[in-house]
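Here it is, the structure, as structure tokens.
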Amino acid sequence: MMLFHVRMDVRLPHDLAPEARAEIVAREKAYSQELQRTGKWAHLWRIVGKHSNYSIFDVESNDELHTILSGLPLFPYMDIHVTPLATHPSYVAAADHER
Amino acid sequence: MMLFHVRMDVRLPHDLAPEARAEIVAREKAYSQELQRTGKWAHLWRIVGKHSNYSIFDVESNDELHTILSGLPLFPYMDIHVTPLATHPSYVAAADHER
Amino acid sequence: MMLFHVRMDVRLPHDLAPEARAEIVAREKAYSQELQRTGKWAHLWRIVGKHSNYSIFDVESNDELHTILSGLPLFPYMDIHVTPLATHPSYVAAADHER
Amino acid sequence: MMLFHVRMDVRLPHDLAPEARAEIVAREKAYSQELQRTGKWAHLWRIVGKHSNYSIFDVESNDELHTILSGLPLFPYMDIHVTPLATHPSYVAAADHER
Amino acid sequence: MMLFHVRMDVRLPHDLAPEARAEIVAREKAYSQELQRTGKWAHLWRIVGKHSNYSIFDVESNDELHTILSGLPLFPYMDIHVTPLATHPSYVAAADHER
Amino acid sequence: MMLFHVRMDVRLPHDLAPEARAEIVAREKAYSQELQRTGKWAHLWRIVGKHSNYSIFDVESNDELHTILSGLPLFPYMDIHVTPLATHPSYVAAADHER
Amino acid sequence: MMLFHVRMDVRLPHDLAPEARAEIVAREKAYSQELQRTGKWAHLWRIVGKHSNYSIFDVESNDELHTILSGLPLFPYMDIHVTPLATHPSYVAAADHER
Amino acid sequence: MMLFHVRMDVRLPHDLAPEARAEIVAREKAYSQELQRTGKWAHLWRIVGKHSNYSIFDVESNDELHTILSGLPLFPYMDIHVTPLATHPSYVAAADHER
Amino acid sequence: MMLFHVRMDVRLPHDLAPEARAEIVAREKAYSQELQRTGKWAHLWRIVGKHSNYSIFDVESNDELHTILSGLPLFPYMDIHVTPLATHPSYVAAADHER
Amino acid sequence: MMLFHVRMDVRLPHDLAPEARAEIVAREKAYSQELQRTGKWAHLWRIVGKHSNYSIFDVESNDELHTILSGLPLFPYMDIHVTPLATHPSYVAAADHER
């Protein structure tokens, strides 16, 4: 398994109807929580002051990560930037669940 | 406790003597690992292809975080960027050690 | 308590109806002034020539700051950037209300 | 009197001798504290993770501000960016010392 | 009096009706020329190839400048950037009308 | 004659000897003042907080402007950016010396 | 005569009706070719992969250039950036038609 | 034949009707695959997390490349950036199909 | 196996002795060609006009890629940027060696 | 033959000895003029206020262009950016020597 750092910035159009907005946000939450329970979406943090998050994904391949990200209900409204991560030589958490 | 996302980019001068370089890198590693063992430096990942890392810090205040970062042996040779993190409404890991 | 530097840039759509615009700006003002009276929104300055402000917030946690900022009536129309602040070693205003 | 928002980023050369560095930093601190006591340097905050600060100056003119900033002992080693501030229509601190 | 360098970039929406456009541009011109006659809008130059200008304002305070700029009929359609100016030590035009 | 907006940012090396620095700055001042007296260097303002200026040049051709700028004693230590200016349709200062 | 380097990036709105689009592009072409035949629009190249061009203009003044550019039928849909050019000391094409 | 590195970022409008979107994407796929089969579109990779690709084209001239790119059904909705490539002195794949 | 797009920009110090430069460039070439022969460094192209390359790596994990890149003899003198790649839905080269 | 737009920005180190500087600039001039006489370096213009030029090259391939550019005596001191050019559909100079 491999780790990836992902930043997502959500830009919902102002003219989206409130019920459409609520529906897509609810689907996004369910989709995200299912992936968190499998361990593939390892961390999820809100960036203070923004409709954005930093996330850590733990997946088997680049293809699997793209399938997950492009399946996000909010994908058409997001800017996503992916950075591959490697083990840091000073990292002590050998028993940590990410690796 | 609060979480902060930190990116560190190291730019060591090319004319640093090899033994000075080895010494400062060893001190950096010891300093980092001591903070990881206390839980304050919660995560540490290498960015692939760069002398850089993404880290998550779990501290009590902005002042504590600045004291930690400015005490890094490599601090004079780093560009550091800090982003405050908040709990994400979709986050499921309630029992996770970060909060 | 901790201080945060916040920049807010407002981008209201040109086709917002004047009464809707007046209503949201009035709600923003009331929301801001209530937070200023509690001391949490410690400073608020207009940037000359822009529909933007620099602010200083004095809050207990990152989560509290995000709750305040995402509750702004103008939040959907703003770009917000947050920078955590620490005590400066040359600062003399020991008795200043921020700390 | 008028307020200005100032960001200062310090970039000391790595090959500056430790005593020269200590001397210039001490002169900078004395210079800054004298201006803070007169009220002209109204606020001074460290940016977490950086050798940088956000400051608020309260001066009578652009010329006075440039004279102050270009007299900083660290001026040759700083990037400085100045933004003029105006009274915000939602600001409640009428009795605040800045105006 | 103090000088400020101002850049204004106009971005009129393509779907603005021609008569609305002509009306707002005419009001902008009248507003600008009245300020030029008072001496507060000291210089005004078109940037070649752009719907933009560089201007020099000569005002008594930051607040006065913001009041002038935010009163521009085109203000909702402009990006404005303000830079405070000081006397240059090599400047010879002591009798120049700006100061 | 034509007007050009010029920004100059000076970056003197820290290891320049004080007497060499004083000599080059003195030559720069003499060069600048001579051009100001001919009217070719029409305006010169210091940018507050920086070793930079905004200038207006009034010359007969692009070639004349480049000859003037590349002859500046500080030219090897400057970043220079030139923007051609045209008459603004709202400009009232018909009798102004620039045109 | 003087040379200017100009980059034009065209951004036509997606909802422009096809016949309106064809009409404006045809007018742009006629306008451009008339100026090319006078020699004022000295060169015109398409940037590969973009609806953009690099051009060289050969005009008598900044004002003439702005009149030409702001008269382009596509002017409201373009980002234009102008750079003044001077004779290069290594240039051999003395007899070249540009000068 | 010559190689070019091309990045394409697709930005489809949110209000594009689903059937119009499906139709244009299908035409894009057919167009791309026909060019891949001729060998002119030598490589095509999806950028993880984005509606973007990196591609390598193998064409006879700049004109041929522009004709191919501007003929893409998605061309009006794309940002395209082209970089010309040369043979690398360390490249060993002499028999590789690109050259 | 997974593909990664890598850009490398080399910045050798001007004061590097010619023989040191020749030695490090020779080691870089040998290191690169050995990796190309294993198939891990799948493609390598020179960017025209720059001491830079675009490369495609075909590796088993992020850790393997970082080990390869940080072992480059020129690594201390390079800026490296890595982008993870996924299979494009329009890609026809099913038999291509990358997948 | 194909056309390429090239921007070159020269950054000579301040501590280059004057005779070394004069020698390299003389070699650059001879190299450039020889290429201009062959027609491969079709145009060369100085950017006003900068030690930079815009050039147009007329070559047979990307490889030929890289060989020319990397052979420039000033190549180690230059930032070079290359843009491929195509025939513009509005271009009238059919008999022009570039094509």
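The first chain written gets the first letter, and so on, giving A, B, C, D, E, F, G, H, I and J; residue counts start at 1 in each chain.
Basically, contacts are C-beta pairs under 8 Å (C-beta built on N, C-alpha and C of every residue); 3 or more make two chains touch, one makes a residue touch a chain.
Treat the numbers as computed from the prediction; the structure is a model and nothing was measured.
Trainee: In this assembly, which chains make contact with subunit D and also with subunit F?
Mentor: E
Trainee: Please work out the Cα centroid separation of subunit E and subunit H, and write it as a whole number of Å.
Mentor: So the centre of subunit E lies 45 Å away from the centre of subunit H.
Trainee: What whole-number Å value describes the gap between the mean CA coordinates of subunit E and subunit G?
Mentor: 28
Trainee: In whole angstrom, what separates the CA-based centres of subunit E and subunit I?
Mentor: 51
Trainee: Multi-chain contacts in subunit D: which residues touch at least two other chains?
Mentor: 3-4, 46, 48, 62, 65-66, 82-87
Trainee: Judged by the touch rule stated earlier, which pairs of chains are there in contact?
Mentor: Result for touching pairs of chains: A-B, A-C, A-H, A-I, B-C, B-D, B-I, C-D, C-E, D-E, D-F, E-F, E-G, F-G, F-J, G-H, G-J, H-I, H-J, I-J.
Trainee: Under the stated contact criterion, what part of subunit A meets subunit C in this complex?
Mentor: Subunit A reaches subunit C through residues 12, 14, 46, 48-51.
Trainee: What residues of subunit C sit close enough to touch subunit D in their complex?
Mentor: Going through subunit C, the ones touching subunit D are 3, 5, 28-29, 32-33, 36-37, 43-48, 53-54, 56, 83-93.
Trainee: Could you pull out which subunit D residues touch subunit E in their complex?
Mentor: That would be residues 2-4, 61-63, 65-67, 82-87 of subunit D.
Trainee: Which residues, counting only subunit A, touch subunit H once they are in their complex?
Mentor: Against subunit H, the touching part of subunit A is residues 4, 6, 13, 62, 65-66, 69-70, 76-77, 80-82.
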